[in-house]
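Structure record follows, encoded as structure tokens.
Chain lettering (A, B, C and D) follows the sequence in which the chains are written, and residue indices restart at 1 in each chain.
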């Protein structure tokens, strides 16, 4: 096996040199202004160390990657009752499709499509003020990343609040079926703000580290969830983490992962590492173009696919 | 870690004692006559040995499990051109849904739903007589299982030919879009017959062994596919192997797997083992009821989930 | 042909005696309190007279019947440009389905499903304050009915504003596609209030009279629309006036009609009469149970179907 | 009102002069060879006379217009039990869509989409040989047209049998749900052949005449159906006769009508006339381009819309 530091440095160099950068998301105006010539990769290891390449200290909007953490938090609050209101099957549809929601009476297919994540946010909100729920989510991310620098980018949240009509449609639609319990605008307020959480690749890799290590963050020693729950969240990331591109990601990268339209992807190498990549340009399926390529290189060169070792090993 | 022989023996004993057996599939009349009080488990290991429990030498109809092998064969014939005619995303739908096929102009979502498997069979048939194509598929299974006892159950094939109206609808629908090239009845003839292949759990575990070991069958030393192709087939099994129950299987069992309505499931433990379970009673999602439970027990007790080790290990 | 006065009196008597009353709509709580033992029928004739039976002076919530009048008003404002934002095909779906809206990029199928009527309201609102737009709609109804007693039931409007999550979903969904131009809550405010317009059967029959008489109200002599536009609105009522029960209504009643969940139906007998029926209990398809039966009796006994005369006439 | 002879002659002359002819259907290869520079119009009146213009004696393939006559025949055989297996609502979908069929468990929306017409053919076939059933349909058309010249174009039928994969899909799909009782290939054989019936515009207008005149053909005096059944068939033609263009046809032409891909349209003017138009070029919705325009002219100039008289009349 090659040396991880070398592989990460190679990937960062190759990514910096590529002319193809994908397209920056424009449906949230504030995100449309980001310079696409940025790339970062960070790998958090079992020994607590992190290997980084590229713009590793640059903050970016984690967007839908936040759904992994709100799911974790809501499972802690509601336990398996959460699954009464959200499914765990791939949707076969775009991230914002409302069709299945009508056919399945307001129950979202999984917690990683927008409708599902909004329902999860509703469970976190339950019985609290939006400000408190949002504070709890932010503190959870700071705790996981072991870094108080994690913050909420209010300009991004405000931008999405002004334009998030489709999410408003999804939330009201679920409210009509009784799947959302709190006031729709409160739930959406918390949702838009947790999607606007800003982190660095280094922080994000560390924050996802508990998923790779039996539910425990090896850098801090904090136990976050049981080993079984960590495995199960990984399973949902694998089958549902990239909307209607989940099959493709599993096929090419071979790791549980969750992407966001800000250009971040969090990937988990069970029992080995947690990986964050970031590059703002997206591919046609709405996932980070260079981020996905970088993960494919990493997993190929390190032999990290969960679906089997490379030839000639073992 | 506990001893595999012990775990397999325990599982076989527990399964024999359970009163809940699921429901035998009746839509293929010939399958409706099977005694549900049967169970088998076979685990083929890297050293070429196989650990068995239950009715391990009993032949059963592998049904849709055959789709893993026809996909492997067709990839060998057509290479990645195969993906021009079949996708590799989970469908979010039942095994026989025709809705997506209309919306996506006859291109099936993946090779494991019926439509996709029929398109794969069409590629194998290309330029051959049905008899020849079928012979090739059978010989491929015998070669993989290293056992000439594998055979085609003509009564089951005939039963499905008489009742397979939905598959006939799917095939004609794709033909209308130009996705099927050969005569529809020829393609269906081969399809119904390869679904009617009969194997024992021991044979099936061995036949799937190349998927666990970098594309090479460790018992025979035969190289079947490249390590990369084995990983990619595993990825598709994980995301698409159980129709609209794929997310649930990943969540509970944590292994790539493919089920059939005959009650068989083939599961792959990358770099460790290939597992075949069989019990004819099905759950509501159409997967072997005891088979799925047995795999969940196996993967939990052996710590074999691809999504992370159990607590306290590593 | 029997005498109209006699037929109307017979129908009112038969309806009063029937034990089956349907179910009062409960999804708008305020409507759920209405006594189902009420029935009214009013027939406005070419000579300006009106024949009435039952509770003809009782006010009820016209609900979706208002969509006929807002369509008429919006066509007057926007002309055929209206059809760039709303189709005129039957939807084959329930009144509040969002599925087609996604497939057809936010363009509602026709102006009589909720999404279409909301888009029509958006066109009426354009460039005005909600209060002004609503005033214009109310005055239009008072003008058509030639009666200042027509009013807006604020309690019903408020009730729907509190519970109209599905309509909020539809409006936000269209806003996301750019089909709605004004602020969503303003559009919905006007929409909920015009649905809450309260009229008597006598007023409603007179208000619809221009549709039966070449666009001109024979009682007042006011010209409302051209004869061609009246015919075309009638055509849309026939094909789209009862959601996914439009075919059934055409089959049984044989007249253009538009129903509302308040239990009103407005039907048009071209060149002969305008008919309003009202009874609060609904059938499974959401149309007035006794209202539909009464119209079927009327059209059969009077030979008024637009699809052909009764046997032995002409 | 203008004189019918004059109007028909004007329309024929105007149609002959127009450069826009639409596109000849090519999905049935045999139909793709027809010369688009043809047009015919025939109006059968209550007094038994017929007014013709253009290529009125030219035979054409009536295609889906045959569905009106098979529905009439099947209603005669099965009565209202027919509606247990076929609905009567507009589908909101293309003529060959299979999506609704899956959602509604094999019950076609109405008898005029392909699936519904195939189910109707299955009812006519019931208990007969295909040859007998087909003979019965042909004799029924000859009887209605009062002309033994009506025949089946075997070349067109054979052409569709070779290419009708989508109809084969629909039929097998319904067979899987138990909605089709006879052998699929027998049903399709009869279906393809009755679609291939060849008639002239004059014959077709006469054959549809019973629908305009209380169920009785005024030219022959033959009673075909009751007046009520004629009205109800007209209602279904109005709401469902042009697939997902039914609303548009009602809006523009204002008559019950049924079109076929051969370029024929049969329209009914209740209590006045039966009209057949034919021109092989189709518009984007698959209806005769000039045929629809000619009917719109006819109905406008004669004041024949069922939705109201022209201004200044009555």
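Rule of thumb we're sticking to: contacts are C-beta pairs under 8 Å (C-beta built on N, C-alpha and C of every residue); 3 or more make two chains touch, one makes a residue touch a chain.
Remember, predicted model here, so these are calculated numbers, not experimental data.
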{"item": "Any chain in contact with chain B as well as chain D", "value": "none"}
{"item": "Farthest-lying chain, centroid of Cα atoms versus that of chain D", "value": "A"}
{"item": "Separation of mean Cα positions, chain C and chain B [Å, integer]", "value": "56"}
{"item": "For chain A paired with chain B, centre-to-centre distance based on mean C-alpha positions, whole Å", "value": "32"}
{"item": "Set of all touching chain pairs, with the criterion as stated earlier", "value": "A-B, A-C, B-D, C-D"}
{"item": "Chain D contact footprint on chain C (complex, rising order)", "value": "46, 87-93, 100, 109-110, 211-215, 226-228, 230-232, 234-236, 238-240, 244-248, 250-251, 254, 256, 270-271, 305-314"}
{"item": "In the complex, chain A residues that touch chain C", "value": "97-99, 102-103, 165-166, 168-173, 175-176, 184"}
